[in-house]
Amino acid sequence: MGQFQAALRYMARRAAVAFATLFVLATLLFILFRLVPGDPTLTVLSPALSPENQAELRQRFGLDQPLIVQYGLYLTNMATGHFGISFSRATPVVALIGERVVNTLVLMLPALILAYVLGIFGGALIAWKRGTLLEKSATLFAIVFRAAPIFWMCIVFIVVFSHWLGLFPEGHMLTPGASSDSGISQFLSLDFLRHLVLPLVVMTIYYGCYPLLVMRTSMLEVLHDDFIELCKAKGLSERDVVFRHALRASLLPITSSVALLAAYAVAGSVLVEAVFSWPGIGLLMVSAVLDSDYPVAQAAFLLIAVLTVMGNLIADLLYGLVDPRIRYS
Amino acid sequence: MLREETPSLPIIKPLDMAARAVGAACNRPRVAISLAILAAFFLVGIFANELAPYDAFVKQYDANGNLLRLLPPSADHLLGTTLFGRDVFSQLILGTRTALIVGFLTAIATSVIGVNIGLLAGYFGGKLDGALMRMTDVVFCVPILPFSIVALSILNRSTWWIITVMSLLFWPIAARVIRSQVLSLKERPFTDAARMSGARPLRIIYKHIAPNVLPQAFVHGVFAIAWAITTEASINFLGFGDPNMISWGTIIYDVFTSMVSYTAWWWFLPPGICLMLVVGAFYLVAEAYEEVANPRLQER
Amino acid sequence: MALLEVDRLSVGYRTTEEEIRAAQDVSLTIEPGETLGLVGESGCGKSTVGRAIIGILAKNAAVAGGSIRYKGRELTALSFEAMRAVRWKEIAFIPQSAMNAFNPVYRVGRQIDEIFTEHQKLNAREARKRTVELFKKVHIPASRLDGFPHQFSGGMRQRALIAMALALKPALLIADEPTTALDVAMQDRIFSTLRRLREETGSSLLLITHDMGLVAENCDRVAVMYAGRIVEQGPTHQVLNAPCHPYTMGLKNAFPSMTKPRDETLISIPGSPPTNPTEMVGCSFAPRCPFAEPRCSAQMPALGAVARVHFAACHRVDQAMVMRRRAMERTAWSEKEDVLSAAQ
Amino acid sequence: MKALLGQVRKVRTVLVAAAISLGIMGFGRAAERVPEITLVTWTKAQYPVQYEEATALVDAWKKLGVSVKVEPLNFPNPLLDRVFKARDFGAAILFFTASLERLDPDFYTFNAFHSSRDVSGGWNFSGVRDPDLDKLLEAQREEYDLAKRKTIVDQIQRSVFENNVWLVMVNQDELEAYNKTNFDAPVLPKVSGFNDPMAFFKIKPLGSQKIVRWGSQISDLKTINPILSSDSSQVRLLYLIYDTLMKIGPDTNPMLWAAKNVKTVSPTKVDVSIRDDLKFHDGTPLTAEDVKFSFDFLIANKAVYYSAALEPVESTAVLNPTTVEFTLKRPYAPFTTQTLSMVPLLPKHIWEKVEKPTEFENANPIGSGPFKFDHWKHGQEFAVKRFADHFSPTASDGLLIVFYGTREAAYSAFLHKEVDVMDRLLANQVDELQKSDFVQTVRVPSTAADTVVLNTRQKPFNDPKFRAALNLAIPRKEILDEFYEGYGTLGASVLAPADAAWSDTSIKPPAFDIEAARNILKEAGYKWDSSGNLLYPD
């Protein structure tokens, strides 16, 4: 029980640090966006745009306030999860962004989970089969593919699997007009799955390479450990030795990679979304930055940062789960 | 990517380590091939101007003054031409130079930052350590690609800014590894001896401790080269790159936006393959070096 | 019929550069209920022999010759699955360091349950019942079953290991340096536990150790290994009281014994074992041996009988008495040490 | 690297220049070198063609001894900030899209050259301040007689052309394609093609696909609240749902739409009577009250996009349930083509209840247009359905606009028959598409223009001779052939030939002639130094 409480206390402290991190990031972001050259009021492309109109718009956007007031408002908006109102749309930012985050997660989470599952079991398998053709080719494959730029791989996959073979759609999340519903049910359709396959496969392969290689190295080390010898001496089958004992004990280095890879994947989702026209948060952020829509860009960026920070937290939590020797102190 | 482990290493000079790494490479075809690939790309990068058959920025015309648009590979144009008649092979060669410059400058800058922060935090500890490490945490959580996009929309879209932004984002990993190493190094007898003899802290740090963390810094540096090249290509692919510089990422982006990626394979495939080879080779070399620098990782 | 007969066993390790013989022509027998000590410095190949018997050699190692017969069955010829059935049920194994013998990420109880579920096909409930009984036998509270290995003390882990080893009443137990990391008091407790449990199961024991004291206290017979070969073998009291090989004499010196006054400081053998003994033509101990003669480094001595059940491999075995006396003196060894260090 | 070399070279030339000028100072005043000029253009990422055009200009102008620094800027910002507000540029390549509302000559003349528009946000990029021109610009605004107005407009075009401030390079054709096995497009508006909602009102299903799917290159519709409308590509979608009193017809002539009759009572009084069969999508009849409300409401809430069109309106009054009287501040000739065809008719009963109109999402827009709102999935699609009660019902069952965000995604969707209509194609795509048997490609000569705008506030652009030389040194033919594969016409007047009613076709595109350009410079007293750099006249 004490351990559990310690873990809770530890997590609480970590969460506090995460919050502080986000606060610093948010402030940094605020400053950054005030430095962006370009007047957001100019995005109204009317030849009639006059200084009076601009003043009006500036007031509408709240840009006429002193910076410190803007900053205060910005922080309150964030703290209340409101994020303000988009410059270019009447939509509250939060409504705009909520959908997009879901779309991003719906692609990224399965991809990361699959990448790790495949990486872990694949890595264990090839470490066990060390020296075989399987191990050599899988290792080479992973070495080559983790080095490939993901956006390029995405295009290669599109060219091969949709353009030449016509197996999957080239992009987007749903066939146009397939569903007018923007709730959860759209993710349950066959159509969605068809659109999901290609980006999911690319991301899984791409992000699976690293866990695969880490797992292989870690397994090779663990397979030399004394307890493996005992497991063998106990008369366990090789499969049990490898997949029950060695695999579980080899997970430590891989969990410490979760945070890094998750952060990498969150950031990289911008690229995948761009190639596949996936209506996710990364794509929204890019277009908001280009459109000088500060509230949307800030919120999107912040949410991406939140995902990164959460990836860190989850990695920490996993570490504790995977390694019973970790004590929270 | 690095492991956050503190190897207890003997005091070894990085050059010796490099020599050992090269020696070890000879036993491992994978690393030997990587080094050969890198050597080839280095030569191409250095002699880019001499090797490029055409000016990569200039449109090519045939004898009748027609633009040589989307030509497949031929003896005149080894890798064909682009939508606006530029020589792909020459662009690829110029891109090599960009990739290497970006990789190395970023690696050097980010290692310098990371190592110094790691050294100072690790050696002085206390409040300085706390402050530096919190800063490290914050920077660690900055999503690299989105941040670069925002930053580059403020700054000029130049390769130098891209290098700067990446250098400012990549260092936390190095700082953490170096710091934890310094924590153990500063308890070693030789540090005590230096302290006893009245050496000032900065002298102890840079004269006595720093040489011992160089191997780790070097490992990080080589990894950073690979990350930098990939990230720069990604930034270019999102259209935030330097328009006056040809990089592999820009080439891929040009094909993609011209919508000919499925026909003009000669234009689309080479830059990706180059990225794959160079980045992959740097990863392998970094890992091989890491094994030497950190004996615990040596394959048994 | 002996329980285990190892006949001219050779084991080779393949490294990137060369092949190293870790064991060469090793012959041993163990009778039912008997305890055989296998002693030698670390790296002499004694652990390799133990692992070869139970068939858990490292991937780059293989039996290169000889035979291992257990109850008349040739173990080296068994299929993997057949060998699997022999392990633990027939021959159990206590590895070198109890410290790392348990998988750090699983609860100890679960790792013991596995024996019953694997070999006796018990279900989880029944297996747990047996494990609880086992723990009772070695005086570990059943509540600790749900602990992780790192939450166990060294002694506790070792006892758990012993309990586990004898759980299936194996005919033979191979213990590889079972108490290396423990203090003397703890060692005694462990060995008394081991004895107690063996009385129940009647298991034979192959005790692999570098500790002459342990051999003296626990073994019926002893085999001394050096550089992959057995250099002396015989009943414990004979070998220890009247060692016939200079290496055994040196080993004996290196440990406090009841035969010598407590206050005397220990004498250790200078130098270190050869890295690749296969390359050596003569006696592999010759470079360190204070009694070496020219023929020693030219010709390999054979294992010959010095008494009815006592064998030794030394050219000067006939001068054993003289050597024994001289070996008690520090100078005999230190002279050699000077020579060795001068040679470097 | 090239940049670095460029930097080095620049520093070197500066040093050399300094050394030379120091050396010459002893003998007399040295002629000053024409500095490197900055050419602002679009990023390669957003508009590759406009970026390429800049590089073509660099090569051409180099032949005059003028060095050019290309500065690709992101649209909208910081490009707009530099050109529309800070006016911090030498020359800028701007890209004007075609739309029917921009056909009235007022749009590209008054807005672009009247001195009152030389304010932050105004479109007088060049900083033209010419009292005579101002007078002409004002006169055409007030002239209701078409023939007389045309004469004034021609005068303006000529004057602007000779002033060489807006150097129109190319008027490119609008290239479009639709799936001809699914649909027939009997009415394709001139100038804008599918960029005009009218095309979608008339498109006819041929098979089972009754809903037209349009692959849009914009990443999302931003808002359906007209107060917040920001640009023409966004506004055009509003007109699917909202009626206007008049429309620019497919033949580019103004036509009555919701209005039954428009009577110019006096130069400042216009009476508009509306049809009596107008109905909002919720069944409420559309009355003169709604018309008056729409104008008053948009004026009161400072709907920026419409502010130019609404500015001349002094007041509105309901004369009877079907007639509204507009009182203008001054005579305003574009009233029908601009004001009446642009302002959407809003349902009073809905909008008058909105508390904060600028923050109103208008999530379920009710209009009276031929299509009624169906659904909008942000960043994915926007769908409207046929409104059967409309006076001019659509031939299709509805329209689905799919937001692809990029041309490439929309294009591949079109190839895969995921969408039926695609606009704004690149030339090389048209060639590719013509090979497919299901595709009808459409080439619409349009008023879209790639124009080099010169900033006369800065040296050397303040010199008309210098500007004239630059204009002659634009390789128009090369640009049209290489970047548009010939799909378009060479640019001349600011009013493109496609604007048939107003364009002065006697203005011919200047031929690319470096020699002539150098002669102009020579005559104006410019010189060249030994390495061929242009020097200012003494």
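As written, the chain order gives the labels A, B, C and D, with residue 1 at the start of each chain.
Methods note: contacts are C-beta pairs under 8 Å (C-beta built on N, C-alpha and C of every residue); 3 or more make two chains touch, one makes a residue touch a chain.
This is a predicted model, so every value here is computed, not measured.
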Open item on the list: Of the pairs B-D and A-B, which shows more C-beta pairs in contact?
Closed with: A-B
Task: Distance between the centres, which are taken as Cα means, of subunit D and subunit B, whole angstrom - done: 44
- [ ] Using mean C-alpha positions as chain centres, tell me how far subunit C is from subunit D in Å, no decimals.
- [x] 91
- [ ] Determine the centre-to-centre distance between subunit A and subunit B, using the mean Cα coordinates as centres, and give it in whole Å.
- [x] 23
- [ ] Give, as an integer number of Å, the spacing between the C-alpha centres of subunit C and subunit A.
- [x] 54
Task: Two or more partner chains touched - positions in subunit D - done: 74, 77, 406, 412
- [ ] Please list all residues of subunit A that touch 2 or more other chains.
- [x] 36-37, 158, 163, 224, 274, 290
Task: Chain pairs that touch, as defined at the top of this document - done: A-B, A-C, A-D, B-D
Task: In the complex with subunit A, residue positions of subunit D that touch it - done: 74-78, 80-81, 84-85, 107, 111-112, 117, 119-123, 211, 213, 219-220, 222-223, 225, 228, 230-232, 302, 304-309, 311, 358-362, 374-375, 377-381, 383, 400, 402, 404-406, 409, 412-413, 416, 418-419
- [ ] Spell out the part of subunit B that touches subunit D in their complex, as residue ranges.
- [x] 57, 59, 67, 69-70, 83-85, 94, 97-98, 101, 153, 157-160, 238-245, 250, 253-254, 256-260
Open item on the list: Which stretch or stretches of subunit D touch subunit B in the complex?
Closed with: 1-3, 6, 43-46, 48, 51-52, 55, 70, 72, 74, 77, 406-408, 411-412, 426, 428-429, 481-483
Open item on the list: Show me the residue ranges of subunit A that touch subunit B in the complex, using the header's touch definition.
Closed with: 17-18, 20-22, 24-25, 29, 32-33, 35-37, 143-153, 155-156, 158-159, 163-164, 210, 217, 220-221, 224, 253, 256-257, 260-261, 263-264, 266-268, 270-271, 274-275, 282, 285-286, 289-290, 297, 300-301, 304-305, 307-309, 312
Open item on the list: So in the complex, the part of subunit B that touches subunit A is made up of which residues?
Closed with: 1, 3-4, 30, 134, 137-138, 140-147, 149-151, 153-154, 173, 226, 230, 233-234, 237-238, 249, 252, 256, 261-262, 268, 271-272, 275-281, 283-284, 297, 299-300
